[in-house]
Structure formats: C-alpha cells, structure tokens
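There's a structure below that I have some questions on.
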C-alpha cells in the first residue's frame, strides 16, 4: 500500500503534547513518527532508556504516552524490553493476554551506542520480537552535551571541547547500524526527517511488523547541542542526507539497500556550516578539518555503495 | 570415648579434578540416604581445574546434622588417586580408630611407609583392575564406594547392595551389561579390599 | 504428603522453582548460583515447565529482564551471587521502587577484591538498603521452604525478595530434605494476579517516572512503609506454611534461649554449627543460647531486641565487613535495636567467615568463653572483633582483644 | 490513594501517591500546559494553507491537530513555539510572531 501522509495523520496520536522536551527537539519528532507506524488496532509497550526523552516524557504523574511505558535505567532498555516481550510470549501462551502487542524501545545515542550497547547486542542476538529505535543526536544531551561514540569527528562537545590545541572530538562516529546488522537481524535501517516522512514511516512500519529483533537508527538533531536555528531542523536533516553524512539505507535479511542517492552529492561543509558545534572548522587555517571530514564521508559513502550493489 | 548421640561418621575424599571423587562422595551420600541416614556430601570448592587435587566430604548421622563446617578429624579418608600421596597429606587429622582407603595395586604394607606415620588401618583396593575386568573401562567410583562401605560399616551392607542394584537399574535402564558390570565391580571390591 | 529426598541447596531452589513454574527467568551464570539456571534450563528442555527462559548477556540485564517481565504482569525470577549481585545494583533499587515482586535466589559469595568464589554475606549485605526483603537459610530444607514462601510474601506486599543461602556450604552440599508435592506448592503459592500491568487490556500502565523532588521523598516514605507492612505478612505466610508442613518459621529462631546467660546472633548455615556448640556446652552445664536471624529485611528490631535481652552478653556475628570501623552490618542494626531498652545486654561483634573461612564448633567455644568473661567481669572490652583471622599480635601472646582495641 | 493524575499534585501525602509511582491512564501529560514556554507564536493562515500537512509530522509537541484530513489551528496549550512548522511550510501559511501575553 502506497504511503499516504494524510491517511497516516488520521490515525490516533500516540505521543501526547505536554511533555517537557525542548522546543524543537528531534526526539519528539522521531517518537511520533515511529509510533505513527503502529496500526491503530495494535497495542504497544514502549521501553525507554534514561535520557532526554525519558526525563521529559514521563515526569510523575504525567506520561506523554497513550501506550504502556516502562523506563528502568540507562544501560538496559533493550534488556528491559526483552523481559516485557518474554512475559508477553508466556502470558499469551497461557491465555492471560489476548490482544496483540508490539514492543518498541527508544534510546538516545548514549544509551544505544555506548552504555546500552551490551544489552542491545544481547537482545538482538536472542531474537526478541522487538524494535529498538535509536534517536541519534550525537552526544549526551541530557547531561549537557558530552561527547558519545556517536559524536562526529571535530564536533565541539562539552567533554571534547574545541580548544587551542585539540580541535573538538578526535574520533570518528561509530557505525552502529553496521554493528547491529552484523547480528544478522532481519531488519535494520537508518533514517531521518525527510520530506513527507515517507522514509521514516516505511522503515518504522517494516521494523515493527517484521518478526524478530529489528533496529532503527534515526538521526534526530538537537538544536541546543548542535547549535543551529531551532526552526531549521528539516533543512539540517536534508543536508545530512544530501551530503551523505547520514545516508539513508536499510538491511533486509542481510541485503543492503540504499534508500536514497543524492543526484548531486553536496559538499560536507553545507551540513557543517549551519551548526555551531562545527564553527571552529571554518576558522582561518582550519580548512584541513573540512577536507578530512569530507574525505571520511566520501570513504564511508563509497563503502556503503559497494555494500548496496 | 563412646560416641555421643547423633555423632557423625565423617569421611574425607581425595581425588583429582575430573576423576569423579566428588561424584563418588555424592554417591555415598545417596546410598546412605537410601538406607535411612541423614547425610551431608559437600566438595571443597576453589579455582581448581582438571587434574588438580580436590577434596570432598561426607558426614553421615542418624538424625539431622547441624554442623556445617569442614571436616578436620575424619573417621575415614578415601584416596581415589594414589599419585596424590606425593603432594597431599592425606592422613592429616585422620582418626587412628578409623582407616585410610586407597585405590592402589599395592598392598597395605607397601602403602603404609608412604603415609606420614599414620598408625590406623590402611586398606587398599585395585579399583582400576576391578573396573577394567567388570566394565572394560577405568571407572574407579563403583569399586571405591564398595570398599568404603565395606570398611566403614557406615551403612548396612546387604541394604547397600540392594540399593545400588536398584540405582544401577534405574540409571542404566535396558543396558544389562552395564548393570551387571557395575554390580560385579561393587561386589568384587567388597570382597577384595585388603585391610592392613 | 512430604517426599523424603536429598539434594543440594541449588537443586532445592531449582526444584521449588519447577514446582511453582514461574513465567519468566532471566539467567546469567555466576559461581556458585550457576547450577540454578542449569537445573532449570534442563527442566525447560525436558518440557517440565513452560517458563520463558531469557539467557541474558549479564546480570544487569538479568535483573532488567525480571523488571520488564514483572511490570508486564509475569512472575519473574532470577538467581545470582557476588559480583553478579553487585552488577545488578542499580536495578535492585529500580525493582524495589517500582514495587515489583521479583524473586531472586541469592547464593551468597564474597565480593571481589581479591576475587574469591567462597561464601560470605558481603554481596547481599551490601544490597541491604536496596529495598528488597531478605530471608536467609541455615539448611537446604530452609532454602526450599523459604523459596516457596517468597512469592506469597512479595506479591502480597509488592516488594522484591531475595532468598539467600550460603554458597557451596548449602548450595553445593547435598543433604536430606523433605519436599512438598507439586500440587501442594502450586496451591500454596497461588496464581500471580497483579492489579495493573503493562499488558493489561483495560488501561495502559506507565512505570518508572522521573520523580521530581516534590514526589521523590513521598515515594521513598511509601516504600519504607511497605517494608514495615511486610512484617505481619511474613508471619502470616509462615503460619500458613507451618500448617502445611509442620515446619515453623519466624523472623528468627531462638535456640536454647529460655534460661541462657549468654547468646549469639548469627545468620545462615553457621547457625547450625553454632547450635552444635550450644548442645555441647549445654551438656557441660553451660547456659548458652543462640538466635538465628532468618529475616534481615525488614529488620525485626523490636522482637529481636526482646530476645537478646534475655541474656547478659550477646555476640553478634557478621559474615561481612562494612569497613565502618564500628562493626559489621548486623551488629550495627542489632545493637541499635537495644538502645531504648532499660536492661540491655552487652553486645559485641565478631566478623567471621569471610571468603569461605570456615567457622567451627571450637570457634564458637572461644566466643562463648569470651561472653562468659564479660558476664563475669562486666567489662565488654573492645566490641568490634574478628574470629578466625591470623593476627601476629595473637602469635606474640601479648594481645587480648578483651582488653585492648584491635 | 489518588489514582488519577489530575488529583496528584505536590500537596498530596505519601499515603495518597500511587503505589510505586505508577500511572494507570494514557497521555496525562496533556494536563501540563507547555504552551507557557512560548516566546514566539505560530499563526495559522488558513487562507494560504493547501492542507499538504507537511507541518504536522514535524511538530515535536503533537500540537497541530488533524481532523477529516485537514489541519486545524494550533493546540496552543501545548505548542512551545519552536517554529519548525513555520520553516517546513511550503506555502507561507504559518507566520511566526512575538507572542503578546
């Protein structure tokens, strides 16, 4: 069935307003977009790692979710979801639960790429019927913009500051989607907020409705941490995709598929220059940083193209 | 000194990791349990691996035994592997009214000089030969168990033989040769254990 | 109908679990509790139970699985020891604050530093403030009996529960045991019927909020009340269990306390060895007694104090250091409980049994001897002591902790 | 025990808190008026709107209600005034102005 935004928006909302995420936060957009892919007749249990999303969407006594929700800690969202799913399997078998439930976990990049990677790997390996969604805003935003293994090279974060001697983060971004794909999960994909949300919606739908452990990596810009003009989130996402900094692709049963190929790949600086976290790269004498950033993106992009052939 | 009410018969086992001394210890607990006794069977645990010396204990009583400490003055010591004599003080704390039971082709007289002046009974049993003859493989556990029961009288001998038969029949259901082989090894060891 | 059997403490837990057939088990191996998931996965493989077995990649995840499953409406169990329990630490608090009745078999083992696989209570004692009910066992029989009582207690009060036993001593020691019939256990434990759960169809459930300051303290106060309210529930379940089995349980067991002049308070398997010492000393005409503490959380402050007040001097035994420079955890709580009483006994502390150090009948003789000296001299000396440790001051012969500070 | 979020506030006692600080209702955050956070306010110009609905999924605060395939005016109780919708609208159908309070 072809994607129809109007139709999708007629579904009941699953993330309520009144949560306390920052104005213009990408996480809220990501969660709404993913949950919209649930069929209205299906119930869901949402698991959440500690992070911005968690501390903002369930402040006692106010939950922003229409579905059941559980948060336990930072490192263990996937394991917590594993427990919920295991309970569902046995209670369903025993006839104590009748309805169909879907299991969706949200974690930021800190809770996914870093502290939660072990439990995520475990859950993917064991094969629980769940979707793990990373809303990747490329740093520990909840604690005040500290670098994570998802923070790109040169980014100025509060624990990788751009100083007189060291120009921001020294390491490149970890390729988590590829790591998860190496678990041989039935479905893994990268997406972000593009156009009419077709890409995000279709990937979320596949992830939710593919049996087994699925993974969705959603680039979810953070205006505060990335230091861009808050209203410009759509443009930031578009540039991430058009420069191939954040390629859109999916891995379906081990087969790599590119979701979108820019007609003309934009230079990486188009993406970088809009963001305060990269401002030092544009200072006099720092051209080499942009060159190296471009070189890295090109190399990653070529590797991805080779995989997708 | 006369035994106090509910005084335990305490047995210490020496073997090497992987040889089955722990299994034999638990088997003795099993058969003593079957004969109506209260039992404890507990190995001493450390980081030991295959081949390292290991120790296991039995405490056998008529009523519930409260003590949960290790055994320092055993009534009987069972040595499943003769080569341990070189490295382990097997008769340490062993009561002189008790006995040492060792898996060896040697006679008690030949073993005694290897023990650090132990004056009590020394019993030898060639568990390997008995096992090879009866089962065609070296499984020393059954012969060692037979020897211990024979020497210690910790449980009624007739009852023991009957219980073991039932246990083998359960364990090796349908494998008559294994049941017969083990029973033969058991009886033979009870006959052949040399007391010196 | 009781069934006579013999098995290890780990097998006893696994057997009780099989008879209960819980919904979900989060499992990760660690010595000496590893056998519990081993036995249990065998029961699953043989089709004896239909538990969802989740063999996770860490204890952190094992507890997370239990929390998720319990919140989802399932009866969730796990087992662990030592570093495994330590690795669960943050989730212990989460489970308790979310009021999830998870049952955890703890096979007590020393915490690392240096690594050691043998028994002491430093693992669960370290977790004493996490908000879990803690029940300890002397024997394999008690491990089994406590495990069967665990869920009726924890599910009634909605608090997680640890059923503790001594690593290797009971966990791997085979001894006689009386088992209940499967049906008796099922009937005693009953079905788990939570009021609200994640998978409930009538309404959603949100668990684990951000608790801002105006609510956090009230939430903790409520949790503290639950621990208090667990006291009568523990007794009710024990009474019901006694009716079924004839075996009597309480917060603690008093052994030869009625006319005792001195006594000791001890937890776990060492209590058995202590009782043997009491028997022998009684045979010599010495009026000694023993209190075996079964329930450490909630701490039975008032009844325990009353029991201790029957004697003039009491030794409080800790199988865990707390590095407080003022004694172990049991000592501090037990001694504190005496504070308001007019005729309180002298109370001294012995740290014993760390990392598998054996405690023998002879050690108990020494302790009771110390207590009689206090009884006679009215001088408690230094109240913070060790027993069973090599100390060069003892070897030199010039040191007596009855007179000098350690 | 107060079971409804509307009855739970910073004045209630510990005895009145839900057990384990659970919540048994959906979407209780709607009780929180995050509209107060706004500095700038989006203004919906219905005449210019072509009902493409692109603004709707971009709203992090679920504050653009849709009914019968058409967007309505903003839910100002919850709109935080981030301005994303203003930027994504291809038809200049949303203005962004200083809010007068």
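Which chain is which? They are A, B, C and D, in the order written, and residues in each are numbered from 1.
Here is the rule we use: a contact is a pair of C-beta atoms (placed from the backbone, for glycine too) under 8 Å apart; a residue touches a chain by one contact, two chains touch by 3 or more.
Model, not experiment: these values are computed from the prediction.
For the pairs C-D and A-D, the larger set of C-beta contacts lies at A-D.
Centroids built from CA atoms put chain B at 63 Å from chain A.
Centre-to-centre separation between chain C and chain D, using Cα means, comes to 50 Å. One simple way to say how far apart two chains are is to compare their mean CA positions; for chain B and chain D this gives 78 Å. Averaging C-alpha coordinates per chain places the centre of chain A 23 Å away from that of chain D.
For chain B, residues touching at least two other chains: there are none.
In chain A, 58-61, 63, 65-67 are the positions where the chain touches two or more neighbouring chains simultaneously.
Chain contacts: chain D has residues 21, 23, 25-26 touching two or more partner chains. Pairs of chains that satisfy the touch definition comprise A-C, A-D, B-C, C-D.
Residue ranges of chain D in contact with chain C, taken from their complex: 10, 12-15, 17, 19-26.
Those residues of chain A that touch chain D in the complex are listed here as 5-6, 9-10, 13, 15-29, 32-33, 36, 57-67, 193, 195-197, 230-235.
Note for the complex: chain C touches chain B at residues 6, 31-32, 117-118, 138-139, 166, 168-170, 172-176, 269-270, 272-273, 275-276, 279, 283, 356, 358-361.
Residues 23-24, 26, 50-52, 54-58, 60-62, 64-74, 76, 90-91, 94, 98, 198-201, 204-212, 215 of chain C are the ones that touch chain A when the two sit in their complex. Residue ranges of chain C in contact with chain D, taken from their complex: 97-100, 158, 196, 203-207, 209, 211, 214-215, 217-219, 221-222, 225.
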